[in-house]
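You will see two complexes here that share chain A, one where it goes with chain B and one where it goes with chain C.
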Partner chain A sequence: MTKKILIIEDDAAVADYLQTFFEDNGYTAFTAISAQGGYELAKKEQPDLITLDIELPDEWGPRFYRKLTADKALKNIPVIVISGLSGNKYAVTKAVASLSKPFDRDELLKIVKETIG
Partner chain B sequence: MPDILLIVDHDKELAQALAVYLQRQQFEVLLADSKIEALEIIQSRSPAIVLVDPHFPETDPLAFLQQMKERIPHSQFIIYGPLDALEKIMGPFNTSALAYIRKPVNSIELDFGLKKAGEWAALETEHDKITQKIKELQNAQILLQQLFDEVPCYITVQDHHFRVTATNRLFKRDFGNEIGGYCYQIYKHRDTPCTNCPVADTFKDGRRHQTEEVVTSKSGVQYHVLTWTAPIRNEAGEITQVMEMATNITQIRQLQDHLTSLGLMLGSMSHGIKGMLTALDGGIYLLETGISRQDPKRTERALDQVRLMVKRIRKMVLDILYFTKSRELEYRQTDIHELIESISGTITPSAAAHNIDFIVTLPPTPARMEIDPDWLRASLINFLENAVDSCVSDSDRKTHHIRFDTRMTGDDRVCFNISDNGLGMDRETREKMFSLFFSSKGSKGTGLGLFIANHVVGQHGGAIHVESEPGKGTRFEICIPRTRTSPKVEMPELTRP
Partner chain C sequence: MFKKILFATSATNACDHAARVAFDMAQRYNAHIDVFHVIGVPTRGFSQVVVDLTTGEQVVLDDNYRDLVKEEIRAYYDHQIQKKTDYAIEVAIGEAHREILRLARHTQPDMIVMGGSTGAAGAYASRRNITGSTFQRVAKAAHCPVMVINRPAGSFWGGFSNIVFGTDFSEAADAAFEFSFNLAKTFDCEFHILHALDITGCQINAFQSQDDIDDRIRKAHQQIRFRYVRKMEGFKNFSAEVWEGIPFVEIVKYAREKHADLIVMAHHTRKDGDSEDAIGSIVEQVILRANCPVISINRSIAK
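After this line comes the complex of A and B, so read on.
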């Protein structure tokens, strides 16, 4: 069974890029453009990994992450932060990695592979 | 160098005897025993003293003396001769000679005359010096007055009651010619003296004081000025007046504001740019993989993506360019129908692409207005693009519409109405939407669009009215005077995002 990745990203162009890239590399990917949508999709699909933007229209990424980790069913899903804000390493300290936009896709793939295979 | 003394006498022997006597007194003595010789000598030499017996045969002694005096006006004349002859000359020649001595010459009289001549010469030298000094002083005063007038500051001299007793040219130009008026009235239109007045401080302690003030010129323009004061003292050292120099730093302040917001912009802009670069990376990835997999659909998607990003980047660059360039408007008489049609021509395709009804209503009769069409067009498009975005982001409603109406008002203004049934704004967004770098669109917005649009409308002397509620939609009314109004000087207030 292919591994599932949930992309939470409000910029449709960037989300499309991530989704295509993950699918090209053999993963199943879903996109949510808001924190609320991401939370619902995470519950429904139980993804193996989440990529998270910090600035979302309805909620800040770190708050979403706290909500995620408060949910027993979701709290062990690894999260990769992908954001344009500088200093995002400190935004979600428990994230497996924090990448700055524009990111290096080979680096992203390497981290994904190391995390979920 | 000894003084030159010229003896003019027809009696050559007497002259030579006098010469010996005078040489002993350290004079360089020249002799002339005829009228012609005397006139010849004074052509090349200018004696300090002329000792002359003007009585030559067939000569009018007075005419001869006057002739000599005319040619050497600075020489001192001692006239000698027989008593009766002297009396005839003394009448008309009078004080043109320094002394009159009887023949035969008495050494006491002669010495006295020479002494007088020496003193007189010294006095004249002194007089010349003083005249020269007065002239220099006058020149210096003219120069000082010029400096006072031409200094590129506002200079006032004020008394204890802050009454203005002198002003320079620049002050007169911007604040009027009034003398004796109160400083606080002229500069600040106040009825009472200002608190923290630097002039008052200088009267108190005799030191220089510096403040920054905002003053209003006679034409109502506000200037930022940096003032310096200095005491003016009388001979006794008491401060009688205070001079105040005010330098106009309005331009520097404006530049400072501009630089501050520019710095602010670069900081917040980098985030948006990063988002766009990432999306552009995505477009290029799609393009590369589309080509290598020979997947035309993916390649097409890639092209759309790249096009979209180029559009976004272009808009951002134009916004930055607008922000950094000077904001002078170029007014032109513009046909209102043409303006509206060119605007709706830009919006119609993107509205159609998102299934939004775009309804444009033109004013019933054609008319013209005096505006900068490029900038006003760009700001109206900005409002309309926001309306499109707000409809696209709204998933609650199935059908969306945007109305773009234009009407003329009774007070000669043109009002553009832009309404949509999209997302709508909450109060916070409504209050912040015109601030610099505020964006409700996350990383897709630059926070410049409405800030600039608002600024352009303000520059046109116009006003924006907003009604909006979340879930109901938004209505903007932008009213612009049909004819040009005096431009606003002040910068918009900048609110940090």
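After this line comes the complex of A and C, so read on.
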């Protein structure tokens, strides 16, 4: 069974790129363009990994993460922060990695493989 | 609760994190925001020649120059000023802390928002209280809460929902409690009370027995119940903890563990007559390190 990745990203171009990139590498990917949409999709799909933008239209990434970790079923899903904001690596302390845009796709794939196989 | 915000800024990237929170707060709570910048210090008393604090150049201050600076500030924050933002841009000359306090006395804001240090870190920051001398001076004398956002990570904000109140059981801490609890009630927040028990004596071989530490923890819990919990009638969404260790480390850890979006602490908790450097070093260290905005409350607010 393929591993599932949830992409939470409001920039359509980046989201599209990530979705295609993950699918090309054998993962099933879903995209949400808001924190609320991401939370609902996470509940529904129970992804193996989430990539999270910090600045979303309805919520900041760290607050989304707080909500995620308050849910017993979702709290242990690994999160990779992908953001263009300075200081993003400190925004979600328990994130498995934080990448700054523009990110290196090989580095991203390496982190994903190390995290979920 | 926040109808008027005074955002004191250098209008440089050192204040970008504070700007993000200040403008977010203004929009979220429909507050008026005064964006205030001190241009510089006159080269001599009442002189129109001013050393611009941002550029370091001597400039002749006239209305044109003031308007130019205001327009630069407006352009700098253009992406954060929304259509609905109720704002004004004010500039002044003089010592920054004095002018901020002067404007605060005049406009009576509900909150002063400032950036923190411009780069203090590491061992130097641990030895010296260097959140920024302007902050120190404003925070000591302001008659309203002062919010500081020092780290970029503290600016990914989104409103009040989860507040940590750090206490040392002082009179100023009581004022910080009143403020933070009111905030928690008003915005229906989770409210976390923490007393960080200082056991740093062990670093100089002044070890305490575990019985002593446990006794102090028990007494601190009693203090929390006596000073705070009994005033929180009907409010259920709270927790109270006593953590032993290095106080500022424990507070930062606790806030991180609770995913706090605000820390409220008192500073200058000692009695009147303290020297210039008496501002609380713990709150300063928390400001330097926290992953969220920190509000400091001084003793004058308690009175």
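The definition used in the following text is that the second predicted complex is superposed on the first by the 117 of 117 C-alpha atoms of A that agree within 3 Å, B and C clash if a C-alpha of one lies under 4 Å from a C-alpha of the other, contacts with A are read in each partner's own complex, and residues count from 1 in each chain.
To be clear about the criterion, contacts are C-beta pairs under 8 Å (C-beta built on N, C-alpha and C of every residue); 3 or more make two chains touch, one makes a residue touch a chain.
Remember, it's a predicted structure, so these values are computed and weren't measured experimentally.
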Combined model on chain A: chain C and chain B, fit or clash: clash
Which of chain B and chain C A:Pro102 touches, first, second, both or neither: first
Which superposed partner A:Glu55 touches (first chain B, second chain C, both, neither): both
First (chain B), second (chain C), both or neither touched by A:Arg66: second
Partner with the higher number of touched chain A residues, chain C or chain B: B
Touched partner set for A:Leu85, first chain B, second chain C, both or neither: both
Contacts of A:Tyr17 with chain B and chain C, given as first, second, both or neither: first
Chain C collision site on chain B, chosen from 381-389, 399-407, 435-443 or 453-461, when both complexes are overlaid on chain A: 435-443
Where chain A meets both chain C and chain B, residue numbers: 55, 85-86
Interface residues, chain A side, partner chain B - complex: 10-11, 13-14, 16-18, 20-21, 24, 53, 55-57, 84-86, 100-103, 105
Complex contacts: residues of chain A adjacent to chain C: 54-55, 59-63, 65-66, 69, 85-88, 90-91, 93
Interfacial residue positions of chain C with respect to chain A in the complex: 17, 151-153, 155-158, 161-162, 256, 259, 261, 291
Chain B - residues contacting chain A, complex: 270-272, 274-275, 277-283, 285-286, 289, 298, 301, 305, 308-309, 440-444
